[in-house]
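There are structures below to look over.
Each of the two complexes below includes chain A, the first together with chain B, the second together with chain C.
Showing the complex of A and B:
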């Protein structure tokens, strides 16, 4: 019965993957500046491997409930099954509380990715808005806004985070996303501001003003599309960064709170005896390293594919 | 004579030079330093001058794409510089601009159709299918195929892109267009096509142009009247025929002597200017052209008296106190240290040109 269900599921997944692949290929051949960028991305072999890996990790995170063999938070048998090395029943072993490490890893992917994704979404939104306003308005407003950014960037992010957690201690997941997001947008706003400064003097923007366009239209239609590639690259690289940051904080016990699994606190649970109970740190460690590497490779591939000099052949 | 559609009086644009963290103003680049002229309905006024003389700044200040420092601009009886933002946006329908650079002036992320349609949407002139039909009509009017609406600017040549820019300007049915060096970036063979297009459009739609250029032979071909700019000033303004037949400002004479004449049997005299254009941040006192002037009567008075733009012949205005006639009397000039009386100076080869 279960086997049949699995086969059906695999067949369905294959059909969906094939359909997505066809659409993907057609988009790349679609022409236009974005289609051209996409087809360049599709020709980047490393980038495509990284992308496939990330799709895999994301699917694992999305379908964690059905993929995980055990409940990640249930202590199976604290006496007989604590700290067992990998076996057939528990391929990644069990932790000191007899929980299945594979199940925790799969559920941890959900938390780690969701936290990073949402935090970066927040930080690029705030960063883009702030940078665009500073760059577009220019003059005194810009000078003041940028001095604020200079001040913020002069404090190491990890110190700010530790100070915040020292004040508030344990925080909810939502608060963690907010804190990570609101401490990560300074460099994005700088990038965006620099690009807006350059774009707003271009003749296409002067032309839009000459046509009588309002500021909102100029920003949305003529300036912000020009910064999307920068923002997309910054966001992709930022996700990798935040995954590491979240793992570090969770390892220190101030990020994602037990018993909720995140890649960082799975490692923390095994940190008392890394050599003896290697499976508790190796598998989540690998997950972190591979995922962050994939995000960085994709980020570089996107940077190449979206290169504005290539979009605007001049 | 038809009435003037645009009138510019004492237009000034100074760009402040700031220094230090607090942006102390330490000087100003006098890009446009008090220019006045009229553009009559249906004519083409050529505005010529070297790079950096302020002609582009003048064109943009008239349209308030750059806020002028001082002066007055009247368009069809409306005081342009006094308009608030909504009224200015409404007026932009009537005053358009075509740019020099056919690459940076078109948004690479928009289709040609979207670029041309933008003005229609901003001024609510047409929507949906009607806008699409109008875009196709405009593209055909500028000599492009209607199907090009779905393509992106990078798929086109410089000349075609310039046509797209013209279609964008025409979409809002303007009466007046500032053509800011519209052909300078194009190959010579393509220049003629674009100029012919501009002239056809002018004839069919009764357009009025301010045609900015640094190429005198292009301006000779299109302009009804020509204004010559030097260091932020207009130094000569005359009907095109008069200006090319008998340039009276020594600067214009030098410029015209550099225009090649396609006739090997004609010998011509070249007036070679020495030195560089002075910095507009530190313009010379008196006549801005005096350090490079070759007028035989040039003397110390030229460094002290700012020459007024005055009538030397019918409809021929020149800013030169040494070119007769002048309302700066000999006595006044002597009071300023003049040693050489004014005289009519028109180098022979130029006077007999074409």
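Showing the complex of A and C:
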């Protein structure tokens, strides 16, 4: 029964991927700076493999409910099925509560990806706004705003996070996203500010100002579009980073709380007996590494594709 | 040069002050009482509660508490750790040398490995070596610190038991070892945590180093060097590498926060009695003063690192000595 469902799901995912690919190819053929960048990205073999892999992981996360062979939180048989190594019925083994690790991994993809995506979305938004304002206003305001960023960057992020969790104790998923997002925007704002400082002196901006454009219009129409590529690359690389960070926090027991599965806390569940239950750390860890690697490959590919100076070796 | 040092020192002081203020505000914003269970426990009589609050200055208005906090911090008084039953300073002083040992070994190893990998990749762009190192770099760059530590432990301590699983020394046995035996025992315990940290950090450094090398390699003076007929080897080693090493100095400042993060997880996995493990224990115990002190200390460490990097940069790059740097 589950096998049939798996096949249906895989076929469905493949169909979606094919449809997306069709649209994607047409987009790449279009002109303009984004079309050019896209067609360059499409010629990056590694980037395309990574992208397909991410589409697969995302579909697994979306269809987790139907793909997972068991309920991720149900203790199947605490006497007979606890701490079982991988077998046909449980390809990734079971944990000490006899829960199916594959099902937890599939559901964990949901949590790990969603937390990372939302947190990065938040930090990118805040970081871009802060950096754009500092860079655009310049002068003393900029100096003060950037000193604050220097100070924030001087505190290792993991220590800030640990401090927050020490003070607030266990937090909900929403709060986790907020905390990860609000501690991750400092370097983005620095990148954006540097870019804005440069763009501000461009002739098009001077011309817009001479024509009497308001600050808001200049920022939205002339400066922010120039920052987009920097931000897109930072966001892609940032997602990988946050996945690792969330896994680490969940591993320490302060991130995603039980019984909700995340890739990090599955590893934590097995960490009391690493040698005896190797499958508990190996498989979720591989899921993290492959997913983060895919985000990093795409981030690098995007950077190359979006950089107008980059000359592609034939 | 002296003006530069003075300016950067002042900047560093401001940065640490802002970081300390952030730590203070975090505690103020947090729910619950900084004394935690000592005060929230309903069995504690009200008089005792009041006395405790007065003892730690918690009954005073916020700005007075802030002034008190800054004054104590400036005098090096970090407060009392309830979970450790001793002054915070003492707990940190006991753990810090262990972390510094781990970090310095990792830093040196990672820089040597990272720079070498970066240069080999950039020097032979597109070769098999470049691709292989690129793949390796990417894998380690995408790996959670704690997972690599667990895998290293699983393989080299359990499956092929060549190294001890955890701690800094072998319990009990250590006291009966000869001086040389003690050194060997400590080294054996250092191998897995240090190697894990080296691999993770080297991957980051190699990424930067390759980019820096390629940046320099496309500049005009390199073309000139080639045009005047210098052998490729001389161009790469004498002209490109020398200039491409400059950004590596900046990396020293960047590497420290990452090292601190890595140390937290790796110390946790290998039960290494350092600051990272202390921090994790402090959260579990909700020991506010200890956590805050570790945060401030981490920021001091990182600020000092980037200060050192900036000054080294100025020494290495004469352009920065002549014109005061305008970058942040």
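The working rule: the second predicted complex is superposed on the first by the 291 of 314 C-alpha atoms of A that agree within 3 Å, B and C clash if a C-alpha of one lies under 4 Å from a C-alpha of the other, contacts with A are read in each partner's own complex, and residues count from 1 in each chain.
In this text, contacts are C-beta pairs under 8 Å (C-beta built on N, C-alpha and C of every residue); 3 or more make two chains touch, one makes a residue touch a chain.
This is a predicted model, so every value here is computed, not measured.
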Check chain A with both chain B and chain C modelled on it and let me know: fit or clash. fit
After superposing on chain A, what angle in degrees do the C-alpha centres of chain B and chain C form at the C-alpha centre of chain A, to the nearest 10? 90
Thinking of the overlay built on chain A, is A:146 touched by chain B (first), by chain C (second), by both, or by neither? second
Touching A:252, do we find chain B (first), chain C (second), both, or neither? second
Regarding the shared-chain residue A:226, is it in contact with chain B (first), chain C (second), both, or neither? first
By the touch definition at the top of the document, which applies to A:88: first (chain B), second (chain C), both, or neither? neither
Give one of first, second, both or neither to describe whether A:210 is in contact with chain B, with chain C, with both, or with none. first
With the two structures laid over each other on chain A, which partner does A:202 touch: chain B (first), chain C (second), both, or neither? first
Quick one: chain B or chain C, who's touching more of chain A? C
To be precise, I mean the smallest distance between any C-alpha of chain B and any C-alpha of chain C in the superposed model; what is it in Å? 8
If you lay the two complexes on top of each other, which residues of chain A touch chain B in one and chain C in the other? 313
As the complex stands, chain A meets chain C at residues 146-148, 150-160, 162-169, 190, 240, 244, 247-248, 251-254, 264, 267, 271, 274-275, 278, 281-282, 285, 288-289, 292-293, 295-297, 313
Touching chain A in the complex: which residues of chain B? 23, 60, 63, 65, 88-90, 92-93, 96-97, 99-101, 103-111, 118-119, 122-123, 152, 154, 165, 168, 172
Touching residues on chain C, where the partner in the complex is chain A: 11, 14-19, 22-23, 26-27, 29-32, 126, 138-139, 141-147, 150-151, 153-154, 158-159, 256-258, 260-261, 264-265, 268-269, 279-280, 282-284, 286-288, 291-292, 294-295, 298-299, 302-303, 306, 328
List the residues on chain A that touch chain B in their complex, please. 31-34, 140, 143, 202-204, 206-214, 217, 221-222, 225-226, 311-314
